[in-house]
Amino acid sequence: MDPTAERRYVLTLSCPDTTGIVARISGFLADAGGWIVEAGYHSDPGTGWFFTRQVVRADSVPFDAEELRARFAPVAAELGGEADWRVTDTGVPKRAVLLVSKEPHCLHDLLGRVAARELPVELDAVIGNHDTLGGIVRAHGVPFHHVGFPPPGNGRHQAAKDEAFGRLRELVGAPDVVVLARFMQILPADLCREWAGRAINIHHSFLPSFVGARPYHQAYARGVKLIGATCHYVTENLDAGPIIEQDVIRVDHGDTAADMVRRGRDIERMVLSRGLRWHLEDRILVHGNKTVVFR
Amino acid sequence: MDPTAERRYVLTLSCPDTTGIVARISGFLADAGGWIVEAGYHSDPGTGWFFTRQVVRADSVPFDAEELRARFAPVAAELGGEADWRVTDTGVPKRAVLLVSKEPHCLHDLLGRVAARELPVELDAVIGNHDTLGGIVRAHGVPFHHVGFPPPGNGRHQAAKDEAFGRLRELVGAPDVVVLARFMQILPADLCREWAGRAINIHHSFLPSFVGARPYHQAYARGVKLIGATCHYVTENLDAGPIIEQDVIRVDHGDTAADMVRRGRDIERMVLSRGLRWHLEDRILVHGNKTVVFR
Amino acid sequence: MDPTAERRYVLTLSCPDTTGIVARISGFLADAGGWIVEAGYHSDPGTGWFFTRQVVRADSVPFDAEELRARFAPVAAELGGEADWRVTDTGVPKRAVLLVSKEPHCLHDLLGRVAARELPVELDAVIGNHDTLGGIVRAHGVPFHHVGFPPPGNGRHQAAKDEAFGRLRELVGAPDVVVLARFMQILPADLCREWAGRAINIHHSFLPSFVGARPYHQAYARGVKLIGATCHYVTENLDAGPIIEQDVIRVDHGDTAADMVRRGRDIERMVLSRGLRWHLEDRILVHGNKTVVFR
Amino acid sequence: MDPTAERRYVLTLSCPDTTGIVARISGFLADAGGWIVEAGYHSDPGTGWFFTRQVVRADSVPFDAEELRARFAPVAAELGGEADWRVTDTGVPKRAVLLVSKEPHCLHDLLGRVAARELPVELDAVIGNHDTLGGIVRAHGVPFHHVGFPPPGNGRHQAAKDEAFGRLRELVGAPDVVVLARFMQILPADLCREWAGRAINIHHSFLPSFVGARPYHQAYARGVKLIGATCHYVTENLDAGPIIEQDVIRVDHGDTAADMVRRGRDIERMVLSRGLRWHLEDRILVHGNKTVVFR
């Protein structure tokens, strides 16, 4: 993160909607002397839920994040048992682990952004199911681990796979976010649950079109005029988790499937890095299978 | 069409690819003295087909479109029996019939564009399965016909529907293009075949996502971050015909399904009018279930 | 406006920023029982100003808009003498006058949107400095007035122009918004001042590029790869007022200046209608020469 | 470049337009047995010039690029003395030198793309007027040279600057393209002339808006709603050379100038890498101060 950036506390909250929530929260922050520099509110008529994200200057309140949490807890309690809230401190850098395979473009892009201090994150490690990308990762001063996965169809396949995922799980540890940067293995259900809400994936299609394998080839076969990419939280249902961000790029009859693969990379890079940034900045609130993104 | 525009002949051709096609066609046009003002070529590695569109100034060749066709026929014959070609004359305005229901936005948009001479077309008629839009159509000096369709579930439903489509078929006649401008009836298979390659539809989603009814509500339920529209040729398979054009617009958590319906109209208008223009300008070559669009 | 839409009160306010403003306003609304359905806040570090827009369901407060204003006035007073605020009632339709010349596309588009109830507005009149567009306006049931302007270079030019603007001023009256929908006359300074903050113009370039006449021809000459349009409030400085909305469309070497004129219309229509909608929905707060747009 | 890609010869030509040029060129290629896989034509009504780019499979002609040039020369001669043409061979990789300063994002992006074999180019060297980016360049196995430039205002400033540019000129040598990847020095006129048509720059605004220094701060001050970037050939007139590519991204009142600087990087990366790709693939023909880009 930009070391010159002003330290801030970020409060996010979702709860069943009712009159006076904004007043209660902003009254609490005002009483604490909090100088609000960003505030987002969303009242969802479909679900009857309320969502907010408030950012205050750390130096405007006379105590630390821990104390802010302690003081806010009774306010949240008044909003009902379903209220889901968090206070984070931008002075405590978030930590990420990247999972990669052989496709290098998203990895290069993220390493470049971290090196350029564009993303407020520290990379604990990059883990690959191939070791081809280890060199560049280490050149950036980031640890790289190679975890081999068995080729499909092998007799002892499932056991070997379980073992590989077990090793992966240990190496990942407990970062703030696990980024599947074109990691070509489908996570087992238990990992999906363990990492719920903090594993983000980039899928190379405009979901829900072209779920699964080789989406650019599916797009080519259908003759679409735009191709896209989708950043979403990983859930047990393949490519069906809450969507964080999507974007598209124009293609035409002159683009082969290989051209789409190449050109789509630009969208994948942008969409993944935007989604990751919003996650790191606590801009995303998940409700059911949808996201509220306070940009 | 802009009456001051220079008259042109437009040659379009598709055939199996081989060496020397460009030379043969351009040699023919050069021998005829043709001044080429636009030329598009596409060689498709996937199918092994070749596609071209050539535009010559009418005043640069010493004969009319009919004679140009007669002279080009033997050249096309040399390119093999599968060659599909056409010569059109921009001096002969194309004719269109619009089919509408109650949704007015695409109709208003097309009437405005025709009145402003933005589209090179003459409207033979607008036909509605409701009569609510008759007033504005007639104010533009275009005939309006109301063809009632039976409500679903009626016992004599199918017979009444067949009769209505029979009447529609007669009223439409044989224009250069039939535009389904948010016409809410599914065309029967025989009409799809009769109008093959000249019936264009606007579907209010980014196909192949959200086929069928209420696509914006499907999009809202899935939580996508972009909504779109697709202009395609009508075929017997619902919303599955060759795609002509697509575009999208950004939405977020603050947009209800009703907001998406409203905001999507801007994309529907643009996508339909672009697709229609390209059809009228003979820019679209259909091959299998895909289009080559020379823009 | 959609007659089925729920009635709402919209409070907008801007004032010098300080701690506790959100708490004070939301506390006031909560005390009144106000159910907030939309809320936007912006704290501007550059100017030190605070901006907000809050929307409450009319049926959630036990009094009318007039009373809401009366009760809010002392709250606003506490925020300092510079505070600028307004309460509007979506149950009172806004009124607009459109100014046009000969270019029909923006007019057709706005008439279509009003007819389709896409815009929450009633058209008092359309006034043209040519009468070519009178027919379609009247077909929509809207009064049309023709105010002739003298051709440039005429000896009595200035006096005739003053007289024409005098007549225009009278015919316009005092609507909520005056829309220059490709009106080709430059407003005199006194009208700019009289209509400050409620006259919106569409300029056919991506400002600040290509101020003044024939912007598409300027764009063609420079060889840009995107052309755009800008919706802004009219001020005494030509094409230099606060920008409300902008958008662009891709062009290439194949586009002549005439093609740009035609293709740019799609962007002009979209940008003007979006800007107008935001004005009608009280989403725009002007500060200095910039806008805050709560979307 | 992708080593598995099929080798191709690329012919580009511009000349005064006349009847039969396409026939002559395609006839020549057909006689040589050339299998055309891509062909672009442009006839410019404004200037009366004709432009073409033709791509043939190398294995379809029975001789090499040198021989193709020798055989095509008399054909080109027939098209008049002003004809400007070139034949390149995709089997001969193009070579580039990058010039950088301290801003890392475009450099990281290009290094990543070269490492991922997305761009058909070999990097001879990266030259920086600061040495901060040397580490990552060398980690990619590319030579890095530091050429110090005098700070402005120094008494011996001009002489020191001349000397630095002299050293830069020698280190650059004669590559196919010199990329100013956020190089913060203005090239002297003699270098602009020497590198004419092969020095490409990324300017961080949507030109012609915001020429010169700190364009994002200019954009912030004006209150624009989109920011952009422009890739152009370098000429003696600052930020006024032929435009290759431009793109924009949406901003709003919540974006500070610093946010624009950060967010604009995504557009700079994309626009520069696209422009560079088109240059490397011989897709760009320059005529006067404009470009024809065959995409």
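Should a chain be cited, it is by its letter among A, B, C and D, assigned in written order, with residues numbered from 1 in that chain.
The criterion applied here is as follows: a contact is a pair of C-beta atoms (placed from the backbone, for glycine too) under 8 Å apart; a residue touches a chain by one contact, two chains touch by 3 or more.
Predicted model only: the values in this text are computed from it and were never measured.
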Intersection of contact partners for subunit A and subunit B: C, D
Most distant chain from subunit A by Cα centroid: B
Mean-CA-position distance for subunit D and subunit B (Å): 38
Cα-centroid distance, subunit C relative to subunit D, in whole angstrom: 41
Residues of subunit B touching at least two other chains: 38, 45, 254
Of subunit D, residues touching subunit A in the complex: 38, 104-105, 108-109, 111-113, 115-116, 118, 136, 139-140, 254, 262, 265-266, 270, 273
Residue numbers on subunit C that touch subunit D, as the complex places them: 42, 44-46, 51, 206-210, 220, 222-226, 228, 242-248, 252-254, 256, 289-293, 295
Subunit D residues touching subunit B - in the complex, by the definition given at the top: 19-20, 22-24, 26-27, 29-31, 33-41, 43, 45, 60
